[in-house]
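The structures come next, written out as C-alpha cells.
Next come two complexes built around subunit A: one with subunit B, the other with subunit C.
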Partner chain A sequence: MKPRFRQAMNWLHTWVGFSFGWLLYFIFITGTVGYFDSEIDRWMKPEIVVENHVVNQNELLAIAEKELQIAAPESPQWYISLPASRTPYVQIQWLQLANEKTNTPRDWHEKFIDIKTKQAKDIRATAGGETLYRMHYNLHYVPKLVGYILTSLATMLMLIALITGIVIHKKIFFEFFTFRPKKGIRSWLDIHNIFSVLPLPFHLMITYSGLLLLMGITMSSVIDFRYGEGRENHRNFYNEAQLDIKTQKFIDLPPETLSLQGVLNDAQTRYKNQKVSYIGLIDQDSSNEHYEIWFDKFEGIHLVSKVAYRVKNDKVEIEISTGKAGSAAEVYDVFEHLHEGLFANIYLRWLYFSFGLLGAAMVATGMILWVKKRQTNVKSQRMTSVISIIERINIGVLVGVPIAIACYFWANRLLPISIINRPDWEVHCFFIAMLVSIAFAVCRSIKKSWSNLLWFTAFIYLLIPLLNAVTTQHNILLSLQSSDWLMLGFDLSMLFFGACFALAAITVKEIKA
Partner chain B sequence: MKFFKDHANSIDITARVLIALIGGYILANLIAILISYLPADNNVDGIVTGMMVSFLVYTLAVMAVFSTKTAMRAFMTLGSCCLATTGLITYIEMVVNS
Partner chain C sequence: MIIFIETLLLVFGFTLISLSLARHYGQVNKKRKQLSTRLLWVYRLSGYVLLLAGVVLAIYVWGIILGLVYWLAYATLVTFLLSLILAFKPNYLSFLLLFKR
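This part shows the complex of A and B:
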C-alpha cells in the first residue's frame, strides 16, 4: 500500500471518528443497556408480582382472559404474556383504537396480573427499559425522522472509521498483543487498538446491521424510484419485503372449541418441547378472527416461531412461517436478529453487553486520543483553549452518560407516584443529569473533574440497591429468599458497576499522582 | 485570488467533505437502483439487495474521495461513476419499458 494512501486513511479515520464521537458513545451505551431492557423494566416496575414456580398455564390464562374482558372487551388485538425466563410474570396487552368521540388516540395498553389475588395490579407510570433502549436510535427529543437520520449518519461514519481503522494497521495482530503502559499517547493508542480489534467482528456486525435496520428511511429514494412513492407504497414494499413463506394444514380440532384455552391446550400437546410465552387474539368476532401462539425459544438466530390458528371452511387450520420469501430478505432478517440479540440466552446476553461496552470504550479512547494528540502539537493560544474546552466536554460526556442512566433509575424511585407525565420526567432527569455533568466538567479543573465525576458515579451506582430497599419492599436478601432473580441481578449489577467506577476513580488518581 | 491561495488547504478539505457526503450518497443510491435490476427471487428482493449493498458503496466512495491527489480529481472520479450508472439505469429503463 502506498504510504500516501495510508496517511489519507489515517486522517479520515481521525476525523470521521471525532465528528460524531459523542453521539456514537451515547448510542453505544444506551443501545448496550437495551440488551437488558426487560430486566430493567422489571426493576422500574417494582409492583410487579413475580411468579417463578411452575404454575398451570391454563389457570393463568383464565385469569388474564377475565381481566381483558373487563378492561378491553372491544379491542381488536389482545396479547397475553405468560411467565418466561426474562419476564417471569403475567402481563396483558391490548390495542386501543382511536376514538374521535372520546378523543383517545390509537395506543397500546398493558396491565400486570397479581397471581395471588388473581387481579390486575396498579403499576407506577414509568418510561421503563424500553424508552431507555429506544433513545439509541430516536434520540428522544427530536422528531423521529431527524433521530433516525442523525443516528444513521453517525453509524455510517462509524462504519467508515472501522474500515479505515483496519486499513491503517500494518500489523493488526501484532499490535493487538501490544500494550505499553504508562507511555502517554502510545498507551492510549494501544488500549484503543485492543478495544477495537478484540471485538472487531461484533463492531462490524452491529454497525452494518444498524444501518440496515434504518435503510428504509435513509435509502428511501431507492424504493421511491423502483417501487413507488408515498406512504402507502412504502408500506406495501415493507409488507412484501418482509413476507414469510407460510405452510398451512388442517388439524382435528372442532371449530367450536377454538378459544384461548383450546388453542393453548392444542399447542401444549402439539409442541411438547416448546414453552408458550405469548398468546394473541386478533380481530375477535370478525371474519379474520385468529389466534397466535408464540414460543419462548432460545435456539438459533431466529427469535420465536409463531403458530396461527383460524377457522376455515368449518375446519381449524394452523399456519407456520418457515422462512422469508426472498434470499436478500433472509440475509436482512439474520442481521436484524443479530443486532437485536433477542435470541440470546443469559450468557450470550452478557457477552453482547460486554462487547457493546467495549464499543463504547473504543469510541471513548478514540476521543481521548484525539485530544491528547492535539495537545502535543498546538500551534496557537486559541487552539489551546479550544482543545481544552473539547477535553472538558469530553470528560462531561464520557462520565455523564453513565451518570444520566443512574439518575434515570433514581428518578424512577424518587419522583412522586402521582406526578403528571411521570415517564417524561424520568427522561428529563436523564438529560438534565447529563447536561449538569458536562457543565461541571467545563467549570472544574481537568485533573479534578475526572476523579470527582467518577467518584460521584461510583456512589450513585453503589447506593441504588439501598435506594431500592428504602423506597420499595425489595432488597437483596428478600429477592434472594423469594428467588426474584431479576431484581437481585439488577441490584448486584449496580453494586458491580459502582465498584468498577470506584476502581476507575482510584486508577485516575494514581496516574495523575 | 489571494483568498484561495491562503486557504487552499481548508477549501480542499471542505470540497472533499461535500463531495464525499453528497456525492457518496448519490452514488450509493444509484448503485442500489442499478443492483435492484439484477435477477432476484421476487420483485422486491432485488431492491432489498441494492439497499443493503449501498452502505458498502458509500464507504468505498468516501475512502476514494479522500485518497485522491486533489479534490477536483475526486469530483471527476465520483461524477463519472454517477454519470455511468445513470446512463446504465436509463438504458435498462428504456429496454424494460419497450
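This part shows the complex of A and C:
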C-alpha cells in the first residue's frame, strides 16, 4: 500500500475519532446500559413485588381488569403484562388521552398488581431504565430531531473511524493478541488495538445497524422525493416499507366468550410452546374493539409478533403477523434485532454488555492516545495549555459518565417521592453530576483528578446496595431469600463495578508512581 | 454441553494460532525462542481447522444468523482473555508445547 494513502487514513482516523469522541463515549455507555433496561427498571421501582411462582392467570386477569376499570374506564388501550423472566411481575398499563378540561397531556400510565393483596399499587414516578437507554440516541435535552441527527452523524464518523482504523493497523494479524504492559504510549496503542480489533465484529455490527436504525432521518430527502415532505407523508412510507404479512382466519370460539381470559386461554392452547408476555384490549366498546396477544419467547432472531382477536360477522377472527412483507424490511429487522439484542438470553446479554463496554473503552483509549501523542511533540506554549485543557475535560467526561449513571440511581432513591416532575429531576441529576465532574477535572491537577474521581466513583457504586437497604425494604440477603434475582443481581453488579473502579484507581496510582 | 464443546474449540483454536506467531511462541516457550517453519504451519493450520469446525458446529446448531452471533461473541470473549493471559501469565499455555512437540 502506498505510504501516502496510509498517512491520509491515519489523519482521518485521528480527527474523526477525536471530533466526536466524547459523544461516542456517552452513546456507547448509555446504550450499553440499555441492554439491562428492564433490570434497571425493576431496581428503580422498588415498590414492585416479584412473583416467581406460577400464578392463577384467570384470577390475575380478573384483578387486572377490575383495576383497569377503576383507573382508566375510558382509555382506548389497556395492556396487562404477565410475569416473564426479565420482568417477573404483573403490570397494568393504559393510555390516557389528552384532556383539555383537566389539562392533562396524552400519556401512558402504569401500576403494578400485587398478587398477594390482590390490589394495584402505585409505583414511584421514575425515569427508569428506558430513559437512560433512550439517551443514547435522543441525547435528552436537545430536540428529538437534533438528537437523531447528531447521533447519526457520530455513528457515521464511528464507521469511518473503524474502517480507517483497520486500514492503518499494519499488523492486524501479527499483533492480534498483543498487549505489552508498562511501555508508555506503546501500551496505550496496544490496548486501544485490543479493545478495537477483538470485538470488531460487534463494533461493526452495532455501528452499521445503528446507522440503519436512523436512516429515516438521515435519508429523509429520499423519502421526501417519493412520498412528499412532512410527517404524514413519511408515515405512509413507513407503513408501506414495514408492512407485515398478516393472515386472517375464523376460529370456532363463541363470540360472547371473547374476554381477556377467553383470549388468553385460546392463545395458550393454540401456541403451546410460546409464552405470552402481554395482553391488550384496544378500542373498547367501539367498532374496532379487539384483543392483542404478544409473545415473549424469542426463538431465533425474528421476533414472533402478535395475534389479534376480533369479532367479525358474529364470528371470532384471529389475525396473525408472520414477518415482514418486503425483503428489505426483513434485513432491516435482522439488523434492528442484532442491535437491540432482545433475543439474547442472560449469558449472551452479558456478553453484549461487555462488548459495549469494550467499545466505550476503545473510544476512551483513543482519546487518551490523542492527548498523549500531542503531548510528546508540542510546539508552542499555547498548544501546551490547549492540550492540557482537553486532557482535563477528557478525564472529566471519561469518569463523569459512570458517575452520572450512579447519581441517576442515587437520585431515584433520595429524591422525595412527591416532588413534581420527579423523572425529569432524576435526569437533571445525571447531567449535573457529569458537569460537576468535568468542572472538578478542569480545576484539579491532572495527576490527582484521575485518582480522586475514580475513588469517588468506586465509593458511590459500592454504597448503592447500602443505600438500597436503607431507603427501601430490599437488601442483598432479603433479595436472596425471596428469590428476587433482578434486585439481587443489580446490587451485586453495583458492588462489582465499584470494585472495578477501585482497582482502576489503584492501577492509576501505580502507573503514576 | 454444546456451548462447552464450542468454547473448547475456540480456546484451542485461538491458542494454537497465537502460538504460530513468533512473539507469542517466544513468550510461552522460554527455552526455544525460534519457531521452525514446519511447527508454525502445524500450529496455524490446526488452529484454523478447529475454528472452522467451531463455525460449522455453531451454524449447524443455532442456524446461520444466531450461530454466527454466538460464535463471534464467544470468539471475542476467548481472544480477549487469551490476550490477557499472553500478556501477564504466558506460562499457563506451556502445556500445549509439550503436547505438540
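Just a few scattered comments:
We adopt the following convention: the second predicted complex is superposed on the first by the 511 of 513 C-alpha atoms of A that agree within 3 Å, B and C clash if a C-alpha of one lies under 4 Å from a C-alpha of the other, contacts with A are read in each partner's own complex, and residues count from 1 in each chain.
Keep this in mind: contacts are C-beta pairs under 8 Å (C-beta built on N, C-alpha and C of every residue); 3 or more make two chains touch, one makes a residue touch a chain.
If you're wondering where the values come from, they're calculated on a predicted model, not measured in any experiment.
Taken together through their common subunit A, the two structures put subunit B and subunit C side by side without a clash. Contacts of A:S286 after superposition on the shared chain: neither subunit B nor subunit C is touched. Within the superposed three-chain model, A:S327 lies in touch with subunit B and out of touch with subunit C [touch as defined at top]. Remark: in the superposition on chain A the angle formed at subunit A by the CA centres of subunit B and subunit C amounts to 80 degrees, rounded in steps of 10. Looking at the shared chain after the overlay, A:N56 reaches neither subunit B nor subunit C. Of the two partner chains placed by superposition, A:T102 touches none, neither subunit B nor subunit C. Subunit A has more of its residues touched by B than by the other of subunit B and subunit C. Looking at the shared chain after the overlay, A:P201 reaches subunit C, while subunit B stays out of its contact range. Of the two partner chains placed by superposition, only subunit B is touched by A:S221; subunit C is not. The minimum CA-CA separation between subunit B and subunit C in the overlaid arrangement is 19 Å, rounded to the whole angstrom. Subunit A contributes residues 4-5, 8-9, 11-12, 16, 156, 159-160, 163-164, 167, 208, 211-212, 215-216, 219, 221-223, 225-227, 237, 240-241, 243, 325-329, 331-332 to its touches with subunit B in the complex. The touching residues of subunit B, counted against subunit A in their complex, run 28-29, 32-33, 36, 40-52, 54-55, 58-59, 62-63, 66-67. By the touch criterion given at the top, residues 14, 17-18, 21, 23-24, 63, 65-66, 69-70, 72-77, 79-80, 82-84, 86-88 of subunit C touch subunit A in their complex. Touching subunit C in their complex are the following residues of subunit A: 173-181, 194, 198-199, 201-202, 300-301, 334, 338, 343, 348, 351-352, 354-355, 358.
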